[in-house]
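Written out below as structure tokens is the structure these notes cover.
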Amino acid sequence: MKALTTLIAMSGFLREYLTVLVFGAAAVAMVGAMLGAGSLLRPKRAQLQKYISYESGVDPVGTGWSQSQIRYYLFGLLFVMFEVETVFIFPWAVRLEDLGLFGLVEMVVFIAILALGLLYAWRKGVLRWM
Amino acid sequence: MADLAYLIPALPLAGFLGLVVLGRRAGDPRAGWLATSAIGLSFLATVATFFELLGQDAHHREVTKPLFTWIAAGGFEVKAALLVDQLSITMALFVTGVGTLIHLYSVGYMKGDEHFARFFVYLNLFAFSMLVLVLSDSFLFTFLGWEGVGACSYLLISFWFERDTAATAGKKAFVVNRIGDFGFMIAMFLLFTTVGSLTYKEVFEGLEGVSHAAIVAIALLLFLGACGKSAQLPLFVWLPDAMEGPSPVSALIHAATMVTAGVYLMARVSPLLVEAGGALTVIAIVGAVTALVAAVIACAQDDIKRVLAYSTISQLGYMFLAVGSGAYIAAVFHMITHAFFKALLFLGAGSVMHGMNDELNMKRMGALRRWMPVTGATFIVGWLSIAGVPPFSGFWSKDDVLLAAYDKSPVLWAVGLLTALLTAYYMGRQVFLVFFGEERWRREEQDGVQGNEPSRGRPEDRSEAEPPAEGSHSEPHESPRLMTTPMVVLAALAALGGLLNLPFGKLKFLEHWLEPVFEEAEHKLSPGAEDLRLVLALLAIAAGAGGIAIAYAIFMRARRTAAFQPALLKRGSGGFDDLYSFLVERPGRVIANFTAFVFDARVVDGFVNGAASVVRMGGSQLRKVQTGYVRNYALGVTFGAALLLGYALLRMGI
Amino acid sequence: MSLDGSWYLCLAAAVFTIGAVGLLVRRNVLVMFMCVELMLNAVNLTLVTFARMLDDIGGQALVFFVLVVAAAEVVVGLGIIVAIFRRRVGATADDLHLLRG
Amino acid sequence: MNGLPMNGLPMNGLLVAQAGQPEGLAPLELPNVEYSAMAPHLILIGGALVLLVWVAMVRRRPPWAWAAFTVAVGLASLGASWLMWLDVGRNGPRTAVADAVVVDGYSIFFMVLVSVIVVLGALMGESFLKREDIRGPEFYVLMLLSSSGAMFMASANDLVITFLGLEILSIALYVLAGLDNRRMESREAAIKYFVLGAFSSAVFLYGVALVYGATGSTNLGEIVGYLQSSVAPANGVLLAGVALLLVGFGFKVAAVPFHTWTPDVYQGAPSPVTGFMAAGAKAAGFAGLLRVFFATFDTLKLDWQPIVWVLAVATLLVGSVLAIVQEDIKRVLAYSSISHAGFVLIGLQAANEKGLAGSLYYLLTYAFMVLGSFTVVTLVGRKGDARHDLDAYRGLSARRPALALAFTVLLLAQAGIPFTTGFLAKFYVISAAVEGRSYSLALIGMLSSVVAAFFYLRITVLMYMSTDEEEAEEARTEPLAIPRSMAVVLAVSVAFTVAFGLLPAPVIDFARDATLLI
């Protein structure tokens, strides 16, 4: 009972979260019940074929591990770098007018340095997609 | 006043330095003459200062002449200064006087010795040290002289170091003296801690503040030092062996001067001894016992010089007996007369050896007075004096000592009387064996046996002028005049020495002279004692005559020379050597072995190597922490972080 | 009534410790790397909470720098990890123990 | 960083995500950023960028051009910091860039030190790269960047700047450690250094956050103000923050128990990088540590002094004891660097003026000694940078007497033999400890230097006790040529160690005048 009373006394702020909580719990309960009942009721005859990883019907070939192309990584890394750059540009953009010329020059320098990095990476052949 | 005083020690020092520089070039006689002139001038300076002091009235005869600042170490400062008073001048007088005579004698005696110059270098150094000891105004300077004479006695005893018996004798003398010096040093430390200064004047003034126990301790320790130097009972073993040195050395150092240093010290610290009541009786007892023991051993010695050595120990016993019974003046008087007749006897013995080709054993001498008339005559004067036959000096001084001893306690007087009888006996035996009786040295000649006691190859023989080749055994011959003149002078002094302090009323010069120095220390004779003097004197004369009669009966009449010579006595102080080596040497050797092999090897080295191996082992264990796995390292960092956070919580908690 | 700051701080501390333990326990280098990111974000949460509690902008500004640093670490870290573990299957941190002692 | 331009912006407005209402915004005052305060840092970063552009644009380049350029940049930053030293000398220390960066004797001391290290490091690296034919200026660019990070750490007046400096320094070093990708150890060293570095910087950051939470600001000046004003400053959160900061610095400085990475990374990384790391990274770590603990947390002295004592003792003992059982020269030098860190910690633990000056002096002299030593290690390592077992040094005196002599001087200096700066450094630090009345620490310091003397002498003995078959073996391997640039580094470091050992006055004054602007 004590849990209930604290529940009511909670502030409005929490009540909104409460509804989200209840809604999520209901969904989980429903799906769980269905799958649970299924696994309980069906007979269990384990065969090897049943445990092959399902690759949309195609029989899997080779081991689970494969030589991943490095270039995917490189692009990922570059993306992270420039995405963080934008993190800094956002607050700058919000107060553009107040920052005036000083702000502009500083941001240009900021972007230029990062562009230099990109130029170096480009000359090093990182961007060549082969 | 007494401005010549500094010359007294300075001259022998100058002689010493001169000889060191040009000794070798000066060569045989000239070096000797240089040394003798140095000490002669010093004697003149002493006489001049003596007369100057005599001119002063009784109470102004004490002068302190500052020389220079020796040690200036922060608060502690030692100034070198000479204390010129009646006692020190008396000592200086007979030290330089007898010293000059013996230097003269040595010039003759050492003629032909390869290390002639070196002998006189040591003699002058000895004279300087002795004078410093006697004239110093503080314990520290006395100790400087004390060590100097100790060193010189070592150098002179082992003068003929090729002979290993001489070398070991020198070492033995030095070690035994060191034990005495050890006592002296501790006494000085005690004095410094309790009184805070080392000069005699300040020490004696500052004595009130010191506890009685400390004073007794200091007195006994100083007495231990005196025992070491003056060869009293526990530490007398070195003196008989010291006879290995040349005879003038025995005469100067081991009869007249150095051995009396102990008595001088006791006299100098008399104000302190008075405060230390119990110590005086101890000194008296040790003195008496030493006198008796030495006299008994002397009776059984055949070596002419060893008899005189034990006799010296015995006479020193008398002096300490006098000091113990409070009669400092009697002790000094006996010291002076003893210096005269003992130096004379040793020189006599030296001249006998000189004439008899270094023959030491009295059994192979006899009737030498016909061949050595002067030596014989002077020896007999010395003998009569030491035996206490009036009017010779020995009688007067010994009589004073016995009177004081009686006053202290009749038992000590009885021991003293017995010793006097024994003294007369063994000196008589020596004289009859050596100078009277039939010529026993001639009988060996027929037997063809020429074995005198010490090995033939003694350097002293090589150094003898006449070639031994002449006949199997040369006739004994008189020593050259250079050697006999000092003996005659000494004989005169020995005979007339008594005049210094005749016991009749005004004639007590020495007593009046030394009165101011010992005024409160001197033990006033109890009233009844004075009239006993005559009775005691007669008894002493009787004892002396009795001893001589016994000796005469045994050695002149009975033709039997086998008097009672039990084996133990024969070995003399040998017994004591074994005792000491058993008591001291064996445990010392065991401890040394233990520390060297067991402790040092196992513990110390073990510790050092152990530490090294611990570090190495620790290193190899710790190395396991570096596993190479990143996650272990991360664990290390986390552990550190946890440690610090834990500490922070702890800090916050309290 | 809104939750006071200490709840958020405790949550952040919990996340931080999970990240730290994760780094110690897991063997795969990538997972260890993700745990580090987890720890950094836990610190971000603490910073923001303190900023709100102190009503001071400094904390939030600091978060930006933390983000930049985390990004830089990601780029460099992945670069090194990929360079080293390209040729081997199932790269775990424990394969790396050539240097030890 | 409340001096940031966004100050006036209703940040919390953003959080609540109402529609923007710009009219009610407070006017924005802009901080005046005087770039002159960060001249040396900017020179280094500029140099790095120019190098990057140069290699990107220009194809052909003479082999030594990059090294020469880096040396020029190093000298330029040295000149700039010397000018700042004179300027501070004239009109006193000041803070700049909205109190974020401080220009005082202390920071300029480290700028000078780091510039010198850059110059020597570039010289050392040039012939190494030629020998191992590692193309590309990456070595120089990363070195310049990490040095700028080191300078930021030294001149930071704000924990954020310290953290940024730490990160710039570390990330550049992670890559530098993995530069020689032919050798597996180098890559392994990089990974280890990276994972542990990231972990410890996260811990450090958490410390910063806690200190921020407890004192309300990350600016060192304001923290000091807070500590002095508040009545019971030492509350739990602050102490925990201080503890975590100590963990972060401890890791960077390789104090025990955070030292475990040092031997592996020092052995794995290429020798010139290890040299740079041992000199530059350690100096930067101590710069931050000394400023934060000595200046800022001075009022909490009673709290952190015992724990620093424990760290110092552990570092001293573990450093010297483990060095004895090592067989690889770089691991020996790694553990010796740990024990040297212990000595500097003694200076910190003394927590008095003399202790600070002692530590600074120690870092300066140690930098020269360790750079010289690693030059020799690089040389003896020969092609492939693999010959680091102690036997490689057997009989070195017979083959290269000059090299052997130089190495002996440097080793003896590290052991603390008189007439070298090493002795004065140890003496300075230990006398500070005695003055600070931590006698036990001084004693342990001396004990560990006794143990340390053993493994320094062991190497010296190896060099001078040549055995015959060594001669034959040497003839077979390619001759040990000493390129000019390496010779210069050796000469400079040995000269510095001995010259200022004999007449130490100028360097000691330099360390003493490097006062802190509290």
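For clarity, chains are labelled A, B, C and D in written order, and residue numbers in each chain start from 1.
Please note the rule applied: a contact is a pair of C-beta atoms (placed from the backbone, for glycine too) under 8 Å apart; a residue touches a chain by one contact, two chains touch by 3 or more.
Since the structure is predicted, the reported quantities are computational estimates derived from the model, not experimental observations.
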Lowest number of touching-chain links that must be crossed from subunit A to subunit B: 2
Comparison of A-D and B-C (more C-beta pairs in contact): A-D
Maximum centroid distance from subunit A, chain identifier (CA atoms): B
Rounded Å distance, subunit B centre to subunit C centre (Cα mean): 95
Whole-Å gap between the CA centroids of subunit A and subunit D: 38
Where subunit A and subunit C are represented by their mean Cα positions, the distance between them in whole Å: 16
Between subunit B and subunit D, centroid-to-centroid distance (C-alpha), Å: 77
Contacts with 2+ other chains: residues of subunit A: none
Per-residue multi-chain contacts in subunit D, two or more chains: 6, 191-192, 195, 199, 203, 263-264
Shared interface positions of subunit B, touching two or more other chains: 623, 626, 628, 630, 634
Every chain pair meeting the contact rule: A-C, A-D, B-C, B-D, C-D
Contact set on subunit B toward subunit C in their complex: 623, 626-631, 634-635, 638
Subunit A to subunit C touching residues, read off their complex: 10-11, 13, 63, 65, 67, 70, 73, 76-77, 80-81, 83-84, 87-88
Touching residues (chain side subunit A, partner subunit D) in the complex: 91, 94-95, 98-99, 102-103, 113, 116-117, 119-120, 122-124
Residues of subunit C touching subunit A in the complex: 1-2, 64, 67-68, 71, 74-75, 78-79, 82, 86, 89-90
Residues of subunit C touching subunit B in the complex: 20, 23-25, 27, 32, 93-94, 96-101
